[in-house]
Every structure is written in structure tokens, then in C-alpha cells.
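Supplied in C-alpha cells, the structure appears directly below.
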């Protein structure tokens, strides 16, 4: 990815400027952030056994061990090898083993074979992390302003890159554990049973307007969030909360999965080939729906937002309900005045909260905020927008230019973050993207509709 | 598909109204058009042997025989079975064999197995065509105005549907013949060798503007061309002519197919899996490029527009050239003042004309027209726009609602028609669509770029 | 294949020698045989439409048109190109298109793509046949004895080769027609309903003995039938008649297809992957079994030998019945005194006869013959012998050496011929072979067992 | 598998009988043997990291952890659950996870997904082993003679079963490590460089004879080694030593892998699809052949027996050399007088010894022994015999009947054991079997030929 422009500042930089040289120096804050995020990766792994780190349960999934090493490789490759004089890699093969998809950074190991690599062991991977972290410390310890201007944007990018992989690490280990009839537990459950009523689904109206879309350049953003530009957004309404498991069960029970009229042609093929009958991780036992969660196997809670649905399922559900999914511009416009708060990775729940609870929490908030419940956190919301470049978008030269642009094909944009996303990682302009058949992320449904 | 609105008139209707009841009645004109188009399907088949009608060379391709019968099935299913009292199908199995993808119209034979069906024979298929045509004649012979109002839009849709299949029949038989080392000839070549110079590629500039996009409701259009709506189109420039074979060879010779930096990630996978090294139908012999055409195997003509390229190749070429592909809105805006003329199916050349000749022809035209050569006909032009619904688009109920909407996923829009499209079929607002890896249509490249 | 030795004489040669120069010369008899067999290929095709000749319904199947041309190519390649001075192929590409698997004879078209080739047309293929036949006539018209000694064995081999393809042509077109919901008819049915009782299955006993196995060199034989050698065959019993449809239905109804204990491991995988529930071409309608035959779709006749079963099914049936399949040596020993007579291709029934009728016919015969009903003709009988070389077997040099030896892996031997085999083609020592999962030949079951 | 008969005694039993009640009791000897073999599995795992135990590098391979648990499951399922009153499994899911292919023992986890199961961890698997071993101790501690007669044959079978898995564990971890560019080392190399000359390949002649084939019932044997029976074995010669790497390189350099004339048809397809150019684990670097071994990556030693070749390669090599592979009867006859000694798993070298060394060792031996070098140990020797039942063979009832018989299809017999086989596991009559395309076992080539 390329930073949106040369002044593409980070949150840290932004903070610094507004503080106008506090006693805390720029480097210190940067390193503090770096270590904080690096450490959260370790926190996520508490409770895993060495054997758990090895498995790749499908090509989309990477072993935990690989995530540990790949995020480290990023700092080594794009910072240490470029900016630390005399730096030499301890294990040169890591450059090959832990490159994900940066063609310009050299050859790489085949993605679908990552689960065949037992070495380096977990301990060796941790040693690799520690070693690179030390070198980053050393590099920054007596860096001059000029070099820091070059290093900082990449370091900040690396931090956000690691946060992305923290989310993947979480959803990947969920998929790994789900293959095992012993159903291992990742985190003890924190959620108590809910009894409060589910608020009704309402549709908040927006008039046609020409609005600014994309990141405004203050603080960090990925290149795909810009350039900020004007767009004409016709009038629309958007749902006040995510679709719940209970509502989704009604779709299933109305034979939603066997009625072609609700489905995109490609979705219909997928449903039939994959024999989908419910969201990923759902199983019917004795007439009741159960689902595998990161806290074990338990009954489906009807008041939670439905999750682990593909774009195809989200779209079919909306068609069944007589409405549609929002575009990403509609979503961004609706979210523009909402506070970014909710159930994120920092809470370490790793499962969507009940709609009833979430609504109760935000009922104290004024105005529009209370109309759009759980728009951030809990579940990523599929939009009907194909992932494509904003007007004037240009891919940056070099390997980091491969971060976003080359994936702008056959994917759909998701917005708002999930229970596995870090609060400090998400933005109103953040564009996540996945192929329409993917289900292993915490993906959910927010509805929209045209003026009646 | 649903007609854009109830006043969705056909060209014939439009013509009738302006003539205000000429001696030629509405029905007569409708039938004349019907028979004209039905007959052109037969014209296309002149020169085919019965064996040629049977083959399906890949799942995308349908046997010629199937096209003959499927277009007929359309009239039988959506008109005769609904509106002709007492109509009974002679061979009930045809309903199963010749349904393409209309789930609401009943079960259907598997698409990829169409080449396994030797019966009905060609003669029987032709008999089926004649029989259905007679029934249509009979139905319309003493139809009352009220029923005609119901039948006409479907008949007109069926006519346009058949024209689409005429183009597919042509590109499909090209693919079939290309598999055969004997290289059968579909049409004797009409094109003489060209010597005139190729005009330079220029970029015509357009300012930012809010423009109306989509069909205005006058005459026939597919439902996906509407609703007409306002869109904000930022400033852009568009290439004055298609990219030529000669220019594309420069891309190949600059190792375009082996340099990942030009390619979308999915395109790069496709290039490597399929081992693409040039457009479909190209072969290198003794250092020179040859291509298979509907008039046989012959040297690649450098002054012709490059064709049989995928979206991936079109996009990679544009990246290599330092520019990009147009959006469909940019294309529609640029084409809005151009005359619809060019090399279409009616000319029965079935191959793109040289850019040199085409430019000479349009040099007599005034203003913008002469700046945008070959924007209609010759080759479909890939746009960077994912195929998605216009604001306010709604799928119609029933089987005909499956015409367009359910394909709005993982496809890209193409504009302008090709040498295999009928002149009477194309529109400025016409949205063709294919998956980004498809190459067997006459697809080509027009460039665009952002303001400098 | 290599003829067993240089004196490997044909039936014709054998006949000639015993006749000691009758007025009919050696060449005349050879040519008469050649034209007779070539003509029978045409007889088989009576009633086919040009479209039927094109289809390849699975990789094992070849289009009828291909069989016509390939058998012709054999004579052209191995006789005309070698022995007719100045011979030049009219269409050189045929050498590529119609080579089946003879690597030493040059490159070849991919087997699984034969159905994509619409040209040459059927008429052109027939013209090719006629042209090659004329050249063979010309070559033999004034051939000298010495050259004839070289040509004759290959011509005789070509005749037998064509007979093999006549059987394949028949079973292939059956498979093609079976894909079509219109169920085309190849031959009008000749079989009338049977009412006589089915004779019981008895087991004929044989003592342990050292016996001669393989062809004795008198008349034509394939190389894989030799060398004749001594083999120790332990005591065994063999079933008096093939297993019937009625008996096989009992196996099905006893859940034979869902009880793993009867199946080879590979067979069990195949049953589950392919979802087999009955022999190929069987369908259950309203509680009764129907099967597709070359005379159309009709109820399964319980008194006919079961056919279109794989080795896996034959073996599972035998296990269910508490017995086993015979080895090929047991079969050859048992058949050694039986008359070669039965239901062959010459009768043009192309379907197994009822066991009741067949037994009635052979009840007039003396001794052992009447104990072993239908051992020749009707259905090929799977043996439990893997197809492997006899002691001392050597592959001949050159392309004809590829006839048999290279297939001696992962196939099982079948014995006795079927209703699609020519009577003049079969021998007691004839070793047919197919992979254990194949079902599209007329394959059936004869049982054997160890001494009690 | 079924023991050949009720008197199917074990080595222990045999020993006991000859000793006629030594002070060491039958149970003590049995348990000593049990613990010795169980312990050797642990010995093999020394030096593995927990992560290494998890990986399945292809469907044929099982994770080390799975081998530990499956061999334990065997004793639990077939002994404890049947004979230990009140026995209850601690983790009932293990019955599902660690069943390999015994349909009669219940449902099982999919073989190709074994690498997706991270739990139980290695420690838990070891705890499972210890627990089951204790229960076996308990069961045998006060067993009466009658129950012992029932338990002992199964316990002995379980011991041999575990030895088979020890060999697989070794060859599987080799395959796992070979996928890793870091090339982990399983055992430090023990082999010193060799300089002595390679003895010439000679052919030892045998006359035609009727000989007894199969196990004579003294001591343990698998059911597929019987019944012992008479077979007529024609005259043949057999090679005095295995084919070496140096000889195999000559085949490669003579373009053996690109000349179809040496290959079985199925082998030729495999070579081309898999792009084989050398034995498994071989790589060419700077013009020299290297191979991956359990002691690391090192140059191919020309004096070692070639290993990791498929049946296809063994057969093609023999054809190239103008000879053939032996039948299993020829091999058994030739081996019948040879001493069982050589390079086995007990030596913990896990790589074939040089032919030069091995010959030096056996040069001291008298008579035929010195003519047939390395006929036991080092490499399994492919025979040309398809794996099929001996005359009179019957599958035993129940789950243990699935041990051998159901695999008698499309596999070839190998004889003699390898460097990964235990000396105490092999027999002259031992029939190993694999599909002809498999290469990950220590498989090699011994030649044979017909009388000249």
C-alpha cells in the first residue's frame, strides 16, 4: 500500500503536532505504540499449545506461527534491510517462507502449503520476533529526523499491518479449532445470558446529496481510502441495527437456501456445490441450531447479530426481506456522524454482542448515533459495492504498492470492523474487502432500501 | 429482464407512433422484424455442416444446434405457452433441454453437457424453429390490441434475445473451429490488405460534470440500462481509437506477460495457471504472430484492434502504458454524441477492421465523432466498472426477471458492440458483461486517463 | 502387438494350407475377409444420423466418426505408408487426429478432446475409408509372395483391430445415447418376452492339474495370449451360468451397495464417490428397475445376465454370495472343451439373451458343454486375475509393440466375449482387459468357488 | 487380518514351546515384547519437536501424533474394549479420530484431514499411550489361560501392526521434512564415505520347479502370506544385488524419463503429469544430483541402492536394461535360503547402505547367500506381481478381516524389507504392497530375466 501522500501522517504524528512537542518525544511514542501492538499479538496467543500454531485448515487460513513470523518479516524486509546499515538476516530462508504476496520482494512459499512447515518452531518464531524488535529499537534509538521521516510511515504501516493479522489470526484459529471434533476453546466465555427485548429494525432516511467520500488525510489511512472526492449519493434509508440470528433463522425456515429467486447466479451455484444450509459454524442438533464459537460449542443466541455469512447469503437475505444491502458510499455517509465505539478485539470477547445489550448501551447517546446501533464493531457489514479504485487512485511503486490495488477485482467492500478488529485500527473510511463466497471472517448484514 | 417501464416501447412501436398509422399495421411491422431476425440466424449457419452444430468446445460455448433451439424455446415458453390457447409442445423434453438458466421456468439440462446431445438433429431443430414461427404467425394473425400489448414487449425481447445468441453463435463456432487442427473456415475473407498509416493515439479531454446515465425509455432497452439517473463524473480523457495488435505486441515483447507489477492479483494467477502468453487464438510460428480467424489461420495484422483479450490483459496493458481503462460512465458520456456506425454483424466480416481504414472512413465526420474512432462495432471495450445495479434498479418478478440482475457479481461491463453484434441491437447505453478472465468474445481495449 | 511368432498364421492362412491351393487364391481370400469386416463397420452405422457420429460422452468413449477414421488410419500407417511405394496421405493431419496411443507412430490428438472435432465430416470420413480400401486393393492386386508375407500379418492384425473397434463403437454409442433424455434407439428390439424358467446355478468341479495355458499358435492370436505355458491350477468349481438381473436385484435389496464388508477398499471409495446404487444404465421408476438398452428404455428383465457392472460390483456380488470370481486360468481350463457359440455381434441383437432361452438352446449339447451355459457371448466375464504378462512374454519392437504390453497394469482380465463381440473375433485364449471401475462394456459375472 | 489358523502361533509361542516352560512365563515374555516395541516408537520420536508431530504433507502421510495414537487405539479397540470388563474410554472421540480404515469398527475421521487436528497435543497423545499400556498390563496381570489364548493373537497382531506404523512414521516424517526449505534433520548421519569398488551385477540362475509358496504356520504371519501352496515357477535368473544410484543415473542420462518406449501406459501418464525427472527427493544443483535424506540434504552416493522409485520407474529401468522385474514367487524362491540380515530400523541409520560395503560384509558367507546381496533390508524390492489372494485365501469375519484382503486391487507386491523395517518384523514370505505410483517408501529395484 502507499500512504495517501507525503504528508500522510500517522495518528502519532497528528498527536505530536497538536501537542506541539510535549516532553514525550516522537520516537518514544512511536516505539511505545510499536511494542504495544506487537505485544497484543502475544496476548492473543495465550492459551494456545505449540501444536495449534501449525495447522492450516484451508488455503485462506494461515497457521498462527506463520502470522507471528510474517508480521515480523514485514518490519525486517521493509525497514531493517533498507535502513539498518550492515543488517544481515539470521535465517535467510525466512525471506522466502514468510513473504505473503509481495512479488516485488522476491520469491515466496506457496500460500496453500503453509501448514506443511513445522520449523521454525513456535519458540524459534518467538525468538525471531524478539530479535527483530531489538533491531527496531536499535535503529530508532539514535535515528536522525531525516531518516525518521522515511522510516516512520513504514513502521506505522507495519503496525496497522500487524493489527490486520491479529484479526486474521483470530478468525483463522477459529476455523482450525472448528475442524476438530474435540472443539478446543480459545477464550472462556464472558457473555452472560441476555433477557432484554430486541429493538425493532427501523430504517433511517437520508436525502440525495453530493458528499465527500474517503479519508481526509488526518492521521493514518490505507491508500485505498483515498483520494477523498465528491460523490453524488441518491436518497436512501439504512437499517438501525444488524440483522439478528433470530431473523436469519426465519429466512432459513422459509426455505431461503433452496429458493433460487433470492440468489445471485454465482451464489446459487455456490450454495448448491457447497451444500450450504446455514451460516458457517452452524449445526442443527435435535431440531435446534448450535454454533461453534471461540468459547466453545453452544446454542445459537437469537438476539446476536448473524455472522459468518457470505455476501451471497447477505444479498439473498436482503432480497428475501424485500430490501437490499447498502452501497459503501451510503454506509460511509450514514456512519460519518457516529461515534466509533463498540465490541472490538480489545474487549477480548471475540464474539458479537447481543443486539439487545448493545442497544441498551447506546440508548444514552443523542441524535443519530442511537439510531444506528452497532455500526462499528461486532460484525463487518457487507456492502453491495464491488471493491474498486476511487477516482484518481494510483498504485505506489515498489513492493508496498502491492498492498491494496492489485486486489481490486471480484471482491466486495465491508465496513465497520468486527469483534476481532482493534478499536485503534478501524476508521469511518476503512474499506475491508473479501470475495463474495468467504465466510470465515466475522461478517454480518446491515440492510438498506430505496425511497418508497 | 423487465422492460424499463410500462411505456417501454420498441423501435417498432416508436416508429409506428411517429408514422401515426401508416398503411403498414403494427402487427405487420412486428412480424416483419421477427422474421428478419429469425432468418439472420439461418444466414449465419450457411456453410456449416451438420457435424459442426453439435460440438461444445468448453462450458462457456454452446453448440450451434442448441442456439437454434434455445432461441426458439424462448418464444415457445414465454409467448405460445402463455398466450396461445390450447398450445401443446410437440416434444415436451425440449422444455428441459433448451432452457438456459431460467430457474423459474423449470428444471434444465446441465450447461456443460450440451455437447453430449446429438438429437434432435439439425433438421429436427430447424423443423422446431419453423413450427414455432408458424404458431407465432398464427397467434398474431388475429390478435386484439389488448393481447398485443401484452405479447409485443415479450416478442421484442425475444428478438433482442435472439440477436444476442447470434453473436454467441458466431463466437462459439469460432472457438469450436479453433480446436480443430484442420482450421475450418466460417466465412471467406473480405478484407483486403491495408497500407495506410495508423493514426496516433490521442486523448480527448472531458471536464467534471453531473450527467444523466442510462436509457431514456425511448425504444427498447434491457432493464439493466435503467433507471436513468444523475451521476457525478470527474474530469478524464479517453483514447481516440482502440489499442492495435502492433501496440499490444510491444507490450508482449516488453515481457508484459511475465512482469507481475502490471497485473491484478487474480489476473496474475490466471496468466500463470493458463500459461497465457498472448491473446486467445494467437500462435507464434517462426518468430511471427499468427491468429485463427473466422476466415482461417493468418498472420496478425498490426493495424487491427487487438481482440480476444481478457479484462486482466486489458488492465495490465493499460498499466504498462501508464494509463487506465475507462469507467462505464466515462465511456457512456464520451459516446453520447457519437453516431452509431461501424463494422457490425450485418457486414458479415466477423473480424475487426484495421484502425487505418476505419479512421479514414470517419475522417469525413464533424466534431467529436472523428476523435473517437471505432467506438461502436469492431471490438467490445472493457471498462473498469464492475457490473452492478443502477440506483433504484429492481429485478422484475417471474422467469424473465432472471435475464440480467442475477448476474451482477464478479463481472465487468463492456461497451460499444463488436463485429459480431448486430447494428440494430446496440445502443449507447447498452451494458454487456463478462467475467474478467473471458476471452472468446471479440473484446478489445480503449484507454483512458486522469487529468495530468 | 506382435504376432506370436513368424509363423503366426491367420485363419485364412490356416484355411489355405489345409485346402492346399484351391482355386481361390490366398490374396483373394484375404481381401474378401478384409472387405467383409470393413463393411460390417458400415452396417453397424446404419440408422445413425451425422450428428450422432460426433459426440464423446466421456473420455473412455470415442465418437463414431473417430472409430471410422482410426481403424482406417491403422491400415494407412502400418501398411500403405510402409509398403506402397510413393504413397502420400491426402490429409496429413489425419496422422495426428486419428492415432490413438501409438507413441512410436508420432504425436497424437488428446484422447479426451475427440468430441471437439467436427471435421472431417462423416462423408469425408467415409471417403477416407473408401480411399484407403482402394489403395489396399491396389497394393494387393499384384503383390509378390515375399511382400505378402510381410503385409499379411499386419493386415490380419488390422482386421482384428477393426473388430475390436466395432465392439467399442457399439458400447460407445450406447453411452452417448444414454446421456440424451430423448433416448435414441440404435436397433429395433428383436427379443420377445420370455416365460421359461431360469435354470438353477450349479457349480461344476475341476480337480487340481497342471495344464497348458495360452494360444497354441494355430491361427491368429494377440501377443498377450502367449507364450503357451504350463500352469498348476488348484482344484475349483465354476458356476454353470452367468448371474442374472434377478439375482443381482437380491444383492441390491440386501443393501449390497451400502455394506462395506463386501467391497474392496478401492471399490468402496468408488461406490461412494460415484454414488452407485445399481449397474450402469439402471434407473428406478415407481419402485421398478428400468434400464437403457440399444433398443430403448425398458424394464429390467430378471432372467437376463446382469451386465454393465464393474469388477468392484462383480467382486462384491460374489462376496455377498459367499463365493468368488474365477481366475483367468480356471476360466480357460473350464472353457477349453466348450464350443464357441452364442449371442454375438453378428446376430445384431446387442443385448444379452435371457438365461432361460440360452439354456434351452444348449440343452441339446452333450457333456460339459451343457453345464457351462453362455460362457461365450452375451457378457464378458470378469476374472479375479490382474492383467499381467505370461512367463516369457516379450513386447515386440516398434509401434505395434504398443498394442498390448504397455497396458499390463491396474486392469483385470475378462473372458468369453459379449453380444457386441464378433463370433469370428473371439477365442478360448482371448484376454480382454479393463480397469476395475469400468462399466460401459457388456460386462457380467460368472462365479467360482474353492473346494468345500 | 485373520491369523492363518487357530494354531497361528507367535514367535513368542513358538519360542515358549521349544523352551518347554522356562522360568520366564508366557505372559511375561509377551509383555516384555509388547513394551519393547511400544518403546521403540518413542525412540523413533526422540529429536522431534511438538510442531513436527502435527503435519500431514500429503494424503498418504499421517502426522506422527496420529501414528502414536492410532497404534494405541488398536490395542484399546480390539483388546481392552472387548476383554477388559468395565473398561471405559477416557476420550470417546478418539475412537473416531484414530480409526484408520476399519469400517466394521465404526465411523472414522477423513484420512486426508488428519493434519488439521492440533488436539490432542503430543503430551496428551503420550498420556493416552501410557494409559492404554497400563490397562494392558492390568489385563494380563491375572489373565487365565483361556482368555490369554484369545488375547494373545490379537496382542501379537497389534505388536506387528505397531511395527508397520514405525516404518510409516519414519517415511512420513521424511516426507514432511522434505517440504521444508530449512531441511530439518531426523538423525545425525552415521554413514562414512565409501571407497571400495561396487561388485558387478550378476544373474543367479534357477531351474523350473514346483515349489511351496507362503508361510508354513510356524510363528506369526499375516493372513495374506497364506495359505501355503504349490506353485509352478518356470526357470529364471535374478540379479545378485540391487540397482545402484550410479546405474540409475545412466538411465536418466540416456533420457529414460522422456522415452515412452520403456514405460507402462499408466506410468507414462504419471511421469508427464507429475513431471518426474528423477527419484523422489532428488534435485539437480550445478549439474550434480543431490538428495534429501533423514540425515539432511547431501550429494547422491552412486554406490547406494537407488530408492524412492515407483513401480513405474522400476519397470521402466528394467525395460531400459533389457531385463525385467522378478515375480514375487521367483523372489521368494530365491530368498528361501538366504539369511535374514542386513540394514534394518534397529540400526537407526534410516538410509540404504552402499552396495560396496554390504557386499564386503556378506562376502564371508557361504554359497547362495553371497550371491544375493542385500536381499533383506536397505530397500523394498518391487516385484511384477499384482497383489492378489493366494489360492484358498479367505478374509476373516469382523473388523480385523479388513487388515489385508480389501486392498488386493491395483497394488504391487514388494519383498524383503527396508532400512526403516524392523528386523524382527520381516519374513521371507512377507508381502508388502503399494500402488505403482507411490514413492515415499524406501523402495528399490532388483532385476530378473528369462532364460537366454
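Order of writing sets the chain letters: A, B, C and D. Residues in each chain are counted from 1.
The definition used in the following text is that contacts are C-beta pairs under 8 Å (C-beta built on N, C-alpha and C of every residue); 3 or more make two chains touch, one makes a residue touch a chain.
Quantities reported herein were computed from a predicted structural model and do not represent experimental measurements.
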Touching subunit A and also subunit B, the following chains: none
Chain-contact steps, minimal, separating subunit D from subunit B: 2
From subunit D, the most remote chain by mean C-alpha position: B
Subunit A and subunit C, separation of their C-alpha mean positions in angstrom: 62
Intercentroid distance (Cα basis), subunit D paired with subunit C, Å: 39
Gap in Å, rounded to a whole number, between the CA centres of subunit C and subunit B: 49
Those chain pairs that satisfy the touch definition: A-B, A-D, B-C, C-D
Residue ranges of subunit A touching subunit D (in the complex, touch as defined): 49-55, 57, 65, 91, 93, 96-97, 109, 113, 115-122, 176-177, 179-182, 184
Residue ranges of subunit D in contact with subunit C within the complex: 101, 103-104, 210, 229-232, 234, 260-261, 263-268, 384-386, 388-389, 391-392, 401, 406-410, 436, 450
